[in-house]
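Next come two complexes, and both contain subunit A; in the first it sits with subunit B, in the second with subunit C.
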Partner chain A sequence: MADFEWVSPSAWMLTKAFWRFEDANALWVLIGSVLLGMSASVVGSFAVLKRNALIGDALAHSALPGVMMAFILFETQSPLVVLFGAMSSSLLGLFLMDWLPKNTKIKPDAALAITLSFFFALGLMALSYIQGLNVEGKSGLDKILFGQAAAMLPEDLMVLSAVAMGVLLLITLLFQKWRLITFNRQYARSIGIWVKAYDVLLALLMVLVVVIGLQIVGVVLMAAVLLVPVSAARFWHPQLAVILWVAAIIGGLSGLISANISYIAPATPTGPWMVLVLAGFFIFSFIFAPYQGWLVRRIRQASQRSPLHE
Partner chain B sequence: MNDIWILATASLVASSCALVGVLLVLRRLSLLGDAISHSVLLGIVLAYLVMGERSEMAMMVGAVLMGLLTAGLTQLLQKNPHIQSDVSIGVVFTSFFALGVVLIAIYAGQIDLDQECVLYGEIAFVPFDTVVWGEQSLGPRAFWLALAVFLINVVVIGVAFERFKLMAFHPLLALSLGLSVPFWHAMLMTLVSLTTVASFDAVGAILVVALLVIPASSAYLVATSLKAMMGWALVYAQLSVLLGYGLAVWLDSAIAASIGVMAGGLLLLTLAIQQLLKPKASQLNLS
Partner chain C sequence: MSVSPLRVENLAMRYHTQPVLEGVSFDIPAGSSVAILGPNGAGKSTLLKGIMGLAPLMQGKVSVFGGALTDQRLKVAYVPQRDESDWDFPIQVMDVVLMGRHGHLKFWQRPSSVDRALAKQALQKLDMLPYQNRQISQLSGGQQQRVFLARALVQQADLYLMDEPFAGVDMMTEKAIVGLFEILKQQQKTIVCVHHDLNTVAEYFDWVILINHGLIASGPVETTLTPEIIAKTYGGRIPLGLKLGTQRKGNGRF
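Let's turn to the complex of A and B:
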């Protein structure tokens, strides 16, 4: 880890340079992070509302061995190969997480923790094995653990942006259906919606978002980008459509801010910064949000206290 | 000799994790265990920054405080009707862990920690950091730390075995019998935090989860009583350490990760055997 000046005048200079878009690569990083933040928050919203908030954590951790295996097999880090490897092992993780509680005594929470830690151990083992190998192009593989947006290539970012836009588009198109399924599965089934297919599709979108997020946010903290924005957004408004918009804005803003930080301090990992920015948004919403924030509820409680009790 | 120290340390760490893990799995707190093992990183980093040097005591205190803070904060957040339990866990531990990683990156020059050792642990280097008493070397520091925590775990769980059992299987009865459930819950969280600190050196912050949850879950599949489950968890943990070490030597891979993989492998093996032995539904109908 290289050292960097924490408070320095050059940070401000770099910020200005960043916003003048002098660096084409930085612009791509910005676009990628914002799109990733938005798509992850929207997809994550449905998982949180289905009371399955930490599924993203397990999916992200299970992507790691796939990336490593893909590298061992094809000895390349080209974005499509990485995407393929990560997706296949994430889906395997999804299957294991689903299968364990249904067929054994193991409870869902333990199944999630087992999947997460087992796949992560596999991935780390493969990574340490690769680092002992004598092959070219292995540097940077460990960057997917904590994310390093500044180190990404424009071609990675183009794939990322395309996938993120596709995910956002699909969610917008099928929003009505998913809303119905999320809030009333039985009714959705009774009017002839193929609920199972939409579930699988949503899981697939989630895997896709997690996988494209690996290089920016990293395996370890991807869960936060999926679950924090919607959790913060729920304090702002009761309606799902509005919640999704607020979540997308929070996710996009945190992507924007962390891309900026990543440009100023390229040696530090991006993922943790993004999570800290999100945590800031969460705390702010928790206290100040107009619908169910702490302040508003306090005021409401105070005004509802009836004079009879005095 | 070095191999023996590494194996002994790993085995103690795995045993501590297995014992505490059993209680976590039974109380369906696996995810809280996951969260605490991540948050402990922040406690360790803060202890480094406050003390300015490596101090086991400060690390312990920092880690336990952070572990309890995580457990407390998640419970506090859950009181809000708009936050589910898994959301509260996810928000708290990711923020703490992120803060820990960022602090490590910012104070890279001052802290003798890096992202590598957060992830892998440094069990291969355990034998080189020894405790010296007078002239004589007493063996690795991490070994003694792991031994101390293991003894604490054994003593606390041994003394309060019946209480933990009651809380695991019948929390409401425990409450009605006048057991101080919050106190014993906090005690369990303290044990988890202590175990995680002791494991941090050896296996890193993240693979602790594998050792906490996987051997205990394997034991859950085969055992029929709490005592037996703890016994089985210890057996699974020791097997994982031995096989994992062998795997690491064979593939020249990270020791801690290989131990985690073997723990998972043993769980899958147990599952496979159970599925094969399970009487088929069709056979049941015939009899």
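Let's turn to the complex of A and C:
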């Protein structure tokens, strides 16, 4: 205990309670957060490599009005209703981002920004409308903006975990296809790979991951969980398979730490904590990672230079 | 008589609304090495993409070995232009070459040791074996091109379509590509290349297809690559860098 005097006693007690899983929910929150972190990092990696990094941000913001509409229609926050609402409006956003550049002079980046802000504004309007309503079960809806892991219920987390595991499994199975397509699209088509189908499938996985992540990370900061792990992982290793593993570990550990923090400090939202933890991993990787970290590059430069001075 | 490895009939293509190719028809003999020539923007790469089904045809028909490409994709290997790929992608040379085996694998299969052995052989033929574990981002332009050719080689196709394989490569690579052509010709394979250097045509190829939005000529190098047809293809302007009569290392055929 003496070693931990810098943590307030109550925080330490709560952490101990969390790790003993005295609260049955805690185990579920932990599993859910880790699986979400892992699946989001892996799906996000492909988006980053396709130079389509911000699509997750737009999809997350697009989910908001769907969640609110679903609540207005069904007056419940049961996980499948939330999932359904979020998915339908996220998919609508995805469609809009694809349709606009193809049928108008609007460029893809502008289409993304337009979709993101329209849907988010609509969602916020619906949220304030719901808060003015006199219905039961509306408390906690606003948590979806910045996430609140500890407030999630086991049934939410079971759905989340199942989806996350499905996503991880599919990526593992189809890794070679997506690697080929992402590296060399025309070649993939030339050998008869149905590139369009894999594009759509990856976009759907992205929607799923974003949607299940809403209650843990929140709409506003969801993109960071998709993008930061792979960006940090590229400092560690040159090969995609290893990069995906490192990204998954970073994402999973961030989920784990954030779930813990969410228990210690239930008043603060989880999303910002998660991003701060990810930022820590990123800075650590940037400096100390063995492949392209700052330290290693400095050492390499120095050792290359030295023979000239001899 | 053997079936033509590639026959194009009355092909027309557009880029957005702009017509790029119109009324292109030709037929090439089996086992030949063919250069597609023409000025910039004449539709050379577009033609190759149309043949491979990578860009839509407005009109016309393409047959490979007497049938549709979609029924025999493995028989045709495509080498895309080098700058259409992401060379910062985190992948090693070996893994890129193994992509060429993809079509031979079942949906759930991963490359086997046999596939790896084939990939090594292909890299050997292009003098790239020492680079098998390199990151592609560390390669020079010529080395990148040789990796792409090795990938096409392990596909074990009968027809090879290459988009500007000689563009911007070093002498080493140029030699390696020519060596590869010889190996492929010995095996009776057919090569079709988009090419830009008129000085080397007669040396590397035995058949030429000249296009400028439409077909100008198609035939054996000796009879087809005449000053008149070159002038007609390039609109009367002699293309930059062509030194008539003072070929770099040609055999002075034109």
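Quick note on the criterion: the second predicted complex is superposed on the first by the 298 of 310 C-alpha atoms of A that agree within 3 Å, B and C clash if a C-alpha of one lies under 4 Å from a C-alpha of the other, contacts with A are read in each partner's own complex, and residues count from 1 in each chain.
The rule is short, and it goes like this: a contact is a pair of C-beta atoms (placed from the backbone, for glycine too) under 8 Å apart; a residue touches a chain by one contact, two chains touch by 3 or more.
Predicted, not measured: the structure shown is a model, and the values here were computed from it.
With both complexes brought onto subunit A, simultaneous placement of subunit B and subunit C is permitted, the two fitting side by side without a clash.
In the superposition on chain A, contact is made by A:Arg179 with subunit C only, not with subunit B.
Counting residues of subunit A touched by each partner, subunit B versus subunit C, the larger count belongs to B. Using the contact criterion defined above for the overlaid structures, shared-chain residue A:Ile243 touches subunit C, although it does not reach subunit B. In the superposed model, A:Arg234 makes contact with both subunit B and subunit C.
Contacts of A:Ile191 after superposition: subunit C is touched, whereas subunit B is not reached. When the two complexes are overlaid on their common chain A, residue A:Ser139 makes contact with neither subunit B nor subunit C.
By the document's definition of touching, of the two partners only subunit B reaches A:Gln292; subunit C does not. Judged by the touch definition given at the top, the superposed model places A:Ser10 against neither subunit B nor subunit C.
When the two complexes are laid on top of each other via chain A, the two nearest Cα atoms from subunit B and subunit C are 8 angstrom apart.
On subunit A, the surface touched by subunit B in one complex and the surface touched by subunit C in the other have residues 234 in common.
Residues 1-4, 6, 48, 51-54, 57, 103-107, 109-110, 112-114, 116-118, 120-122, 124-129, 132, 145-146, 220-221, 223-224, 227-228, 231, 234-235, 265, 267-269, 271-273, 275-276, 278-279, 282, 286, 292 of subunit A are the ones touching subunit B in the complex.
Of all the residues in subunit A, the ones that touch subunit C in their complex are 49, 173, 176, 179-180, 182-187, 189-193, 234, 237-240, 243.
The residues of subunit B lying in touch with subunit A in their complex are 25, 28-31, 33-34, 80, 82-84, 86-87, 89-91, 94-95, 97-99, 101-102, 104-106, 108-109, 114-115, 119-120, 206-207, 209-210, 212-214, 217, 220-221, 247-248, 251-254, 256-261, 263-264, 267, 271, 274-275.
Per the touch definition, subunit C reaches subunit A in the complex via residues 49, 52-54, 70, 73-74, 76, 78, 80, 84-86, 89-92, 95-96, 99, 102-103, 108, 110, 135, 151, 155.
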